[in-house]
Amino acid sequence: MKGNERKRTFMLITIPVLILFFAFNTLPLIKGFIYSFTNFKGYGSYEWVGLRNYIDLFQDARVGKSYLFTFKFAIVATIIVNVISLILALGLNSKIRAKSALRGIYFIPNVLGGLVVGYIFSFIFTYILPTIGENLGIGFLKSSMLASTKSAWFAIVIVAAWQAIAMNTIIYISGLQTVPEDVYEAGAIDGATGWSKFKNLTFPLIIPFFTINMVLCMKNFLMVFDQIMSLTKGGPAQSTESISYLIYRNGMDGGQFGFQSANAVLFFVVIVAISVFQLTFMNKKEEQL
Amino acid sequence: MKKKLILAGTVLMGAGLALAGCGDSSKTSDGKTKIEMVQYKPEAVKAFEKMEEKFNETHDDIELTIESPNEAMTILKTRFIKEDQPDIIGIGGDVNYSNFLDSDMLMDISDFDGLKDIKQSYLDIDKNLEFIPEDGTYAVPYVANAAGILYNKEMFEENGWEIPTTWDEFIELLDTIQASGQLPLYFGFKDTWTCLAPWNAMACDLSPADVCQQVNKGTTTFSEEYRELADKIIQLLPYAQNDPYAFSYNDACTAFARGESAMYCIGSYAVPQILSVNPDMQIDSFVFPANDNADKQVLNSGVDLQFSVMKDCKNKEAAYEVLQFMLEDENIQIYLDEQNAVPCKEGDFELPSMLDGVKEYIENDKMTDYQDHHYPSEMAVDAMIQTYLMDGNADSFLAKFDKDWIRYNRDLIRKVQKYEEEHGEGGNES
Amino acid sequence: MKKNSQMPGKTNWPVTILLILGCITIFFPLYMAVIIAFKKPSEMTNDIAGALSLPSSWSFSNFTEAMKVTDFWNSLGNSLLITIVTVVLAILIHSIAGYAIGRNMANSKFYKFSYLYIVSGMFVPFAILMMPLVKQTSQMGIGNRVGVIVLYVVFYMPMNLLLYSGYLKNIPMALEEAAKVDGASTWKTYWSIVFPIMKPMHATVAVLTALGTWNDVMTPLVMMSGTGKNTLPLAQLNFQTQFGTNYNLAFASYLLALIPIVIFYLVCQKQILNGVVNGAVK
């Protein structure tokens, strides 16, 4: 009797949750997939166009460019964020004064909204940095980073990293705290110091945290949107159009609902593939060590 | 724990009530017919607020709401996706209008009385925007704008500069201004759409007005028609501030208003923004002299704002009443006073003084619509022009233009060609 | 560097000083935002001293103006409403879902499948759901704040389910069994025993969900357009043109948008950091 009651309760909880999830996640996913075979503008009538959108996708220079940009951005930002976060975490985990205050300060960027942060940095890039460059005679600062196709993407990396470092640092700190003291004591007897200590003792023990950070970072950066919206709107010369931005811009606004649905399907496949790849790759690495 | 749950429940219920309270009520509340209008010019919000208030004061049976959101086209299209359409839309005479019409979303308003007073040339411009010729009329042109070159009257008078009438004279003028140590032009190319301002204005002088239709029919290519235009537009860059891609439309308006440049290549729609920075500024304009022959210059002018009734609108009479109200002379004047535009209605309106220099063209009807009104927005021609201005490679720009045009317009090209075929074979069905 | 983790009592001053200097990178943009928000347009000059200097007077006129332009209180109200309701629903729904699924997934294929099904939703980018969702929610009549909340509850379900079911592994079955012996129903046992024990995880879920929803732009952007309602970040986007080149007004508005969350962070800093760490360890 009791066992049945328990089972029934669990079912009664799980089924509505599954329905909710299906209705607002899986169903739109399927609909998006269906729209990807049409030339739907988002309004009015539409026709079936078969695989045309997918064929176009691989020939469309603008889409190609947006993938290149998004990947370049995500990879560079992931590396920069993880290197700086790790260094910061080591620093914040060492014997320092005002430890909790410093940790608190370094986390601030994470609570701020990406859009507003983007607007603030946009002003700094357009007006403050060129002013400083002009007055101090620093050549490369004289013109706005956002105005050149060569540097605009890196300006976005800077802003995205400024915010993301906060979260990753905290994750690394919690990782470092799981490293037991006696590991170091054992290492100290072997004469491990500095870099070799980090490489041989600390790092292997925080690899799970490294994995989390890499996967989360990469996933978030691949979906970059707010920073693009507030810093460049995809410019100059379409050099900073991220995939999400392009899907939003042309799908909602540009009358390419059908085509951008196909783009979104491809994007989904890419994200899953990368995440699976990262996880299996990291797992292998972990086993080796 | 229970207390917490109760608390959470109360919060939720309260929130639910608050949300339910603002659910959209249906067409009528307390017996009035609701007419909702969305217009796409946020800068004209004050004029529309005035009109809305005035309308509601004088009409007991209709309640009019006018929304003037920012990024209105995105909002409108999102609302179309949501199938939540307003009754009347106020949009520009551009490719969006063509698309909405082609998607069968607009109501035929040929039986609307007010159309009689609209100048024929503007109705023709709208007719030209139809992808394939439609029966009936689907928009009331309200006001038009003109684009060319705005200039700082004081600076011109002080220095004795003269208005150029040919391309050579224009380049000469740019050289003279630059030699005097002042900045001839200012661009706000960070906002890519501003690249289209000189492009459109020059295209009127250098390319046939129906170049897009011609390309769709397959009789010419953009590489051919836009070559001179591409070569000339890039010559303007050395006369503008460094790094024009760092500055936005707002920045450029502000710079021009502060006298940082003698001229600004933009449409008359920028004037209110400029005057908001410097209310005492003396601005006049002239037609962009892109052609080598002074007689061949044409003013770039198009329908800046027009009203269409949505097909789904359930209260046609009420919607007509709103349109009729909008077209009353004194209400048009409210708009003109705020926005310095050219009315599309026949009548004795006073043209704003900053259009003095182009008056002759308006009166003699030497005008061509904006070329970009025919470009599909997802093709992002503005960004293509920006790219070209940055890398200077005209060949690849024009080649891409032709290639992308076919890619983004193929459904349309097919439709047009099919129509032509049917039209040719079956004679005229209308 | 040599002895940073051991040897208690000895402060590593070089690292401390470096870290304090590093704070400049955090504070500089915020400092710029504050001084620009208080300046007048005429104080914006093109030299370093002018750009970096403090405003000549600390007047709040930019802020009152910005509040008027962006309809601040309504936007704030919407943001608060959406975030609070989402967090409360997330804690209630996700925790019990985590309980039902987490307790059974070891020995039932159905629950194992449900778990993987929902958690894999983490990889679905919003971009692909966006357009169909806009259509679907408005057909259901919730193309507004209600819809935004429902979507958040669904979007955060994968992560929160992962967190709750992971945490549940640490809670011994014995506790529930004791209640069962007393004749309490499973439903009652959950709310009276399990739910309170998961308190640390509730904090984590609340923090992560709240930070995500509070700062999100894209969902309200596509869901609430045309309803005339804004959230705080959305208002910044929607009023960009109204600010024109009055950067002082714009920055006052940006600061207003940042202040609520900064205050919240300062007050609950410890809980927030702990919450995040908790989530990361899982």
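Just so it is clear, A, B and C label the chains in written order, and each chain counts residues from 1 on its own.
Criterion: contacts are C-beta pairs under 8 Å (C-beta built on N, C-alpha and C of every residue); 3 or more make two chains touch, one makes a residue touch a chain.
All values derive from a computational prediction rather than experimental measurement.
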Consider the two chain pairs B-C and A-C; indicate the one with the greater count of contacting C-beta pairs.
-> A-C
Compute the centre of every chain as the mean of its C-alpha atoms, then state which one is farthest from the centre of chain A.
-> B
Chain centres from averaged Cα atoms put chain A and chain B apart, in whole Å, by 37
Find the geometric centre of each of chain A and chain C from their Cα atoms only, then give the gap between the two centres in Å, rounded to an integer.
-> 16
Separation of the C-alpha centres, chain B versus chain C, in whole Å, is 39
The positions of chain C in contact with two or more other chains are 131, 134-135, 222
What are the residue numbers in chain A that touch two or more other chains?
-> 42, 252, 257
By residue number and range, which residues of chain B touch two or more other chains?
-> 74, 78, 81
Across the complex, what residues on chain C touch chain B?
-> 81, 84-85, 88-89, 91-92, 131, 134-135, 137-139, 141, 143-146, 191-192, 195-196, 222, 225-226, 228, 238-242, 244-245
Would you mind writing out the residues of chain B in touch with chain A in their complex?
-> 73-74, 77-78, 80-81, 99-100, 102-105, 189-190, 192, 242-243, 245-247, 376-378, 380, 383, 386-387, 390-391, 400, 407, 411
Which positions of chain A touch chain C when the two form their complex?
-> 2, 5-6, 9-10, 13-14, 17-18, 20-21, 24-29, 31-32, 35, 42, 88, 90-98, 102-117, 119-121, 123-124, 127-128, 131-132, 134-136, 162, 167, 170-171, 173-175, 178, 181, 184-185, 188, 193-194, 209, 212, 219, 222-223, 225-226, 229-230, 243-244, 247-248, 251-252, 257, 260-261, 264-265, 267-268, 271-272, 275
Hey, which residues of chain C end up touching chain A in the complex?
-> 1-2, 4-13, 15-16, 18-20, 22-23, 25-27, 29-30, 32-33, 36, 46-48, 51-52, 93, 96-97, 99-101, 103-104, 111, 114, 117-118, 121, 123-136, 150-151, 153-155, 157, 180, 185-187, 211, 214-215, 217-218, 222, 232-233, 236-237, 247, 250-251, 254, 257-258, 261-262, 264-265, 269, 272-273, 276-277, 280-281
How about chain A: which of its residues touch chain B in the complex?
-> 39, 41-45, 47, 56, 60-62, 126, 130, 143-144, 146-149, 233-238, 250, 252-257
